[in-house]
Amino acid sequence: MSRLQALGVAGGVALAVAFGWAADARAGDTIKIGLVSEFSGPFALSAKEMEDGMRLYMKEHGDTVAGKKIEIIRRDTGGPAPDVAKRLAQELVVRDNVDFLAGFVVTPNALAVADVATQAKKPTIIMNAATSIITTKSPYFARVSFTLPQVTEPLANWAYKNGVRKVYTMVTDYGPGIDAETAFKKAFTADGGEIVGSVRMPLQSADFSAYAQKVKDLDPQAVFIFVPSNDQPAQIMKTFAERGLTTSNIKILATGDVTEDAVLQQEGDAALGMITSHHYSYAHDSALNKKFVAAFAKEYGDLRPDFLAVGGYDGMALIYHVVSELKGNIDGDKAMAVIKGWKHESPRGPIMIDPATRDVVQNVYIRKVEKKDGKLLNVEFETIKDVKDPGKP
Amino acid sequence: MLAHVLGVTFDGFAYGMLLFVLSVGLSVTMGLMGFVNLAHTAFAMLGGYLCVTFMERLGVPFLATLPLIFLATGALSLVFERVLYRRLYRAGELDQVLLTIGLVLMSVAACSYFWGTEQQPVTLPKYLSGYFSPGGVDLGVYRLFLSAVGIALALVLVFGLERTRFGAQVRAAVDNQRMARGLGIDVNRVFAATFAVGSGLAGLGGALAVNMIGLDPNFATKYLVFVLLVVSVGGLGSVGGTFAAAVVLGISDVAGKYYVPEAGAFIIYAVMVTLLLWRPAGLFGRRS
Amino acid sequence: MSADPQTIDPQRLIAEPLRWRWGEVVFWLTLLLPYWLAPTYLSLASQIAIAALFALSLDLILGYAGIISLGHAAFFGVGAYTAAVLVLRAHWLEPFSGLVISGLAAAVLGWLTSFLIVRVSKLALLMVTLGVGVLLAEAANRLSWLTGGNDGLHEIDVWPLLGRFTFDLYGRTAFFYALAVLFLMFLGARRLIQSPFGLSLRGLRENMRRMPALGAPIRHRQRVIYTIAAFYAGVAGALLTQTTQSVALEAVSFQRSAEILIMLVLGGTGRLYGGIVGAILFLVARDQLADMNPQYWFFWLGGLLVLVVLFLPGGIVGSVDRFWRWIARRR
């Protein structure tokens, strides 16, 4: 072992020196944004959409604001890994001297970074993670995406208003699923409706036939579904279609995650007629959205922009706004003051950052899945204006 | 009430048939070669992607893709066997586990690169979609198709192993390799051929699975656990064992989710651990 | 995998005193260098130290007792969550004792599962360890009132170490803390391996059938080392929770079990230093490469694994060892 150690010494020294050389400090004429996201692992597609949205904004508005160049430094957490997210945020702050932190597809990563944001006083733009408590964890957190209760409550209200009285809920057994279930139940029963049954499905579900069978046997008036938006929406809807549930009288309600634009096509005709609620639809009928969609297609081809892309896009808009207001000198507290109360016209509709909670206030749309020109779209037919996050403690 | 039970049993059986097609190749090659090939589901994933490419890009009808995929994956696996696996036949389990995990990781990255990270869309031919309801029991057409394929495959394999000369050679090599060699059986060729068939079946399983359980680059790692479950519970080297284990696991998974949804994922793993402690070689495996 | 066929000199083995070679001393001193040479990388260094401890715990059962486990993260996770719950629920904020208690919790689980582990081998062993790991991960998901479920637990703040040092943004405290714990536990492991018990384990690994003939009960020894390894893994998990002030489901995930196995094998099993070297190489490589190409990191890692298995059996440490001995023979 002794000779080995000689090599170990040499190797250790070499590594340590290499680290030292890699440490970097650059001049102060760049605004650096530390993008912490889940580029590899199960949320890779979501992270890609988010970054694509960010870069599209940069392409459209140029990469210079208030005389300074905007630079994105991306770091991969490899999936939900709070220890890694925290370390990456720390490194972005101490090593790269970023001015902003941004990103976060999943909640645990956002929560882990709260300490770092507070200690380092860095404005942090949450571009997706949708759990209500996130913005309460640091005064330097601001969110431009949405929260699950925010989009679920209006759906429950709409259902009750339109004659639905009995609902069976089916959600995936993990954080966001349970949030959606809780929010729906709370709002629906408050209105006077009845939840006739609930089921929580394991996260690794490969086969939904048992759950679909249950629905068929119970034959409720309506079903409320939440599954994570990767491969599960297509599977569950196909299984439903297999049993004729999609063409029966049972109303199928879900949050927009289940019919989200990037995966809607894979669900095929099984998804037709589903009623969902969300803050963004690819088919949103506004000039700004049409422009956004066209630009996205030009840049990224077949991939449809979804709510993650919009989160990235609007997040960049917010950052640009802060940089220009502060003339390129980013101070944490001043940045937060600029962020609070920010109003903006987004491809999704009008949004605002609530000064009290630093969370997004926006329109929520009730949509139906329809087919136009052979393509499946979430067509909005009702708007609930200026919805605040009802889930704040 | 009976309709429910029958419906759930049928669904579970169909799911089990899919697991069977995915797993039987691994069971036979592990039993025969003693080689822990964790890259088996990577071949399945490749089969799935080939199916999507054939169907969506080249317009090949679904049923025609199946034999093509079987042959293509089988042929590809021969290349791997010759270049990589052959060197590790004598090595310990750990080395084999690591080599094949390495291959799985590479395959995940390769599939992300060539096909992207999204879910793959696949449109089934009309005659395979929809369902019948004889006597109130829902029988999905695709599931019927899967069941038919699974049963047919099992019969072909058993017949092949029991009645053909090649099958006899395989059985001899599984029982006692040295003896088989001593009798003049070219064990290396038997290995290679069996491995090709096993991996080809994995590819076939992947193609069949796309429509039922979806396809993205994480397929290989996600379903590896299920396949290992079936193989370890069924017993290595046993087609009948794999069949039985796949059916048991498929039905208990679906029935569990239907009747006791709170227990969710627990059931299947708890069942596996218990069965393995009772019979470490699997239900139909041979004890050494 | 058993150790590569090295000629084992029984006299040397038994008579080996526990003195420190100069090389080892220098190695450990080198590990302190990042504080001066790479001060912005200390958080990474502390996480490497934690992974090294975890890899060491796996080496105890894999390298020294021949038990391949695909579910070792179960113990890491139990340690991590226990440390969290101690702070958040029991308001037990003292860090060092927190580590010990978490390690003991993991050890209890290790002892219980060891009864299952020793009854099976080969594929069944792989599956049982995998199954236990998955069951525990599912339990952690279910008991979200305790574990925080998907969101995890955060704001886990223990008392400042030695009354003075809090965990800072640069990760300095975390670095020294993790390194110190790694070193102490390493000393323990080294003692253990050189002890008669450790020698009998190596005998087990080399030839399991012969050991009972020499009067050494197999199963009991396997259970003991498994429990000790679980303790080590639990301490590593607790260390992660304390230094990052958070814990989430990925601490008990299959990914973590697989990664630590890869790290250990890259470094080399059965040599105590293998886990440390493997952890350093793996995590540094991932840190540097993943930023270039997050998706394709898998490709290079997989390729590296294949190459190591084919051409570097015994991992880095094993190969270097063989190289030096080959040179020595030439002289």
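Labels for the chains are A, B and C, by order of writing; each one numbers its residues from 1.
Here, a contact is a pair of C-beta atoms (placed from the backbone, for glycine too) under 8 Å apart; a residue touches a chain by one contact, two chains touch by 3 or more.
Predicted model only: the values in this text are computed from it and were never measured.
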{"item": "Co-neighbours of chain C and chain A - touch as defined", "value": "B"}
{"item": "Chain pair with the most C-beta contacts", "value": "A-C"}
{"item": "Computed distance of Cα centres, chain B from chain A, in Å", "value": "36"}
{"item": "Chain B-chain C separation of Cα centroids, rounded to whole Å", "value": "33"}
{"item": "Of all residues in chain C, the ones touching two or more other chains", "value": "138, 295, 297-298"}
{"item": "Multi-chain contact residues (two or more partners), chain A", "value": "44, 173, 202"}
{"item": "Touching two or more other chains - residues of chain B", "value": "112, 117, 264-265"}
{"item": "Residues of chain A that touch chain C when the two form their complex", "value": "1-9, 11-13, 15-17, 19-20, 22-23, 39-40, 44, 74-76, 78-84, 86-87, 90-91, 93-95, 107-108, 111-112, 114-116, 119-120, 131, 137, 173-176, 178, 202-203"}
{"item": "Touching residues on chain C, where the partner in the complex is chain B", "value": "1-2, 62, 68, 116, 119-124, 126-128, 130-132, 134-135, 138, 254, 258, 261-262, 265, 269, 295-299, 301-306, 308-310, 313"}
{"item": "Touch list for chain B against partner chain A, complex", "value": "4, 7-8, 11-12, 14-15, 112, 117-121, 123, 129-131, 138, 140, 142-143, 211-216, 218, 222-223, 226, 253-258, 261-262, 264-265"}
{"item": "Chain A - residues contacting chain B, complex", "value": "42, 44-45, 48, 173, 199-202, 204-207, 209-211, 213-214, 216-217, 230-232, 234-235, 238, 241-244, 262-263, 265-266, 268, 303"}
{"item": "Complex interface listing, chain B residues touching chain C", "value": "30, 36, 84, 87-88, 91-95, 97-99, 101-110, 112-113, 117, 225, 228-229, 231-232, 236, 264-266, 269-270, 272-273, 276-277, 280-282"}
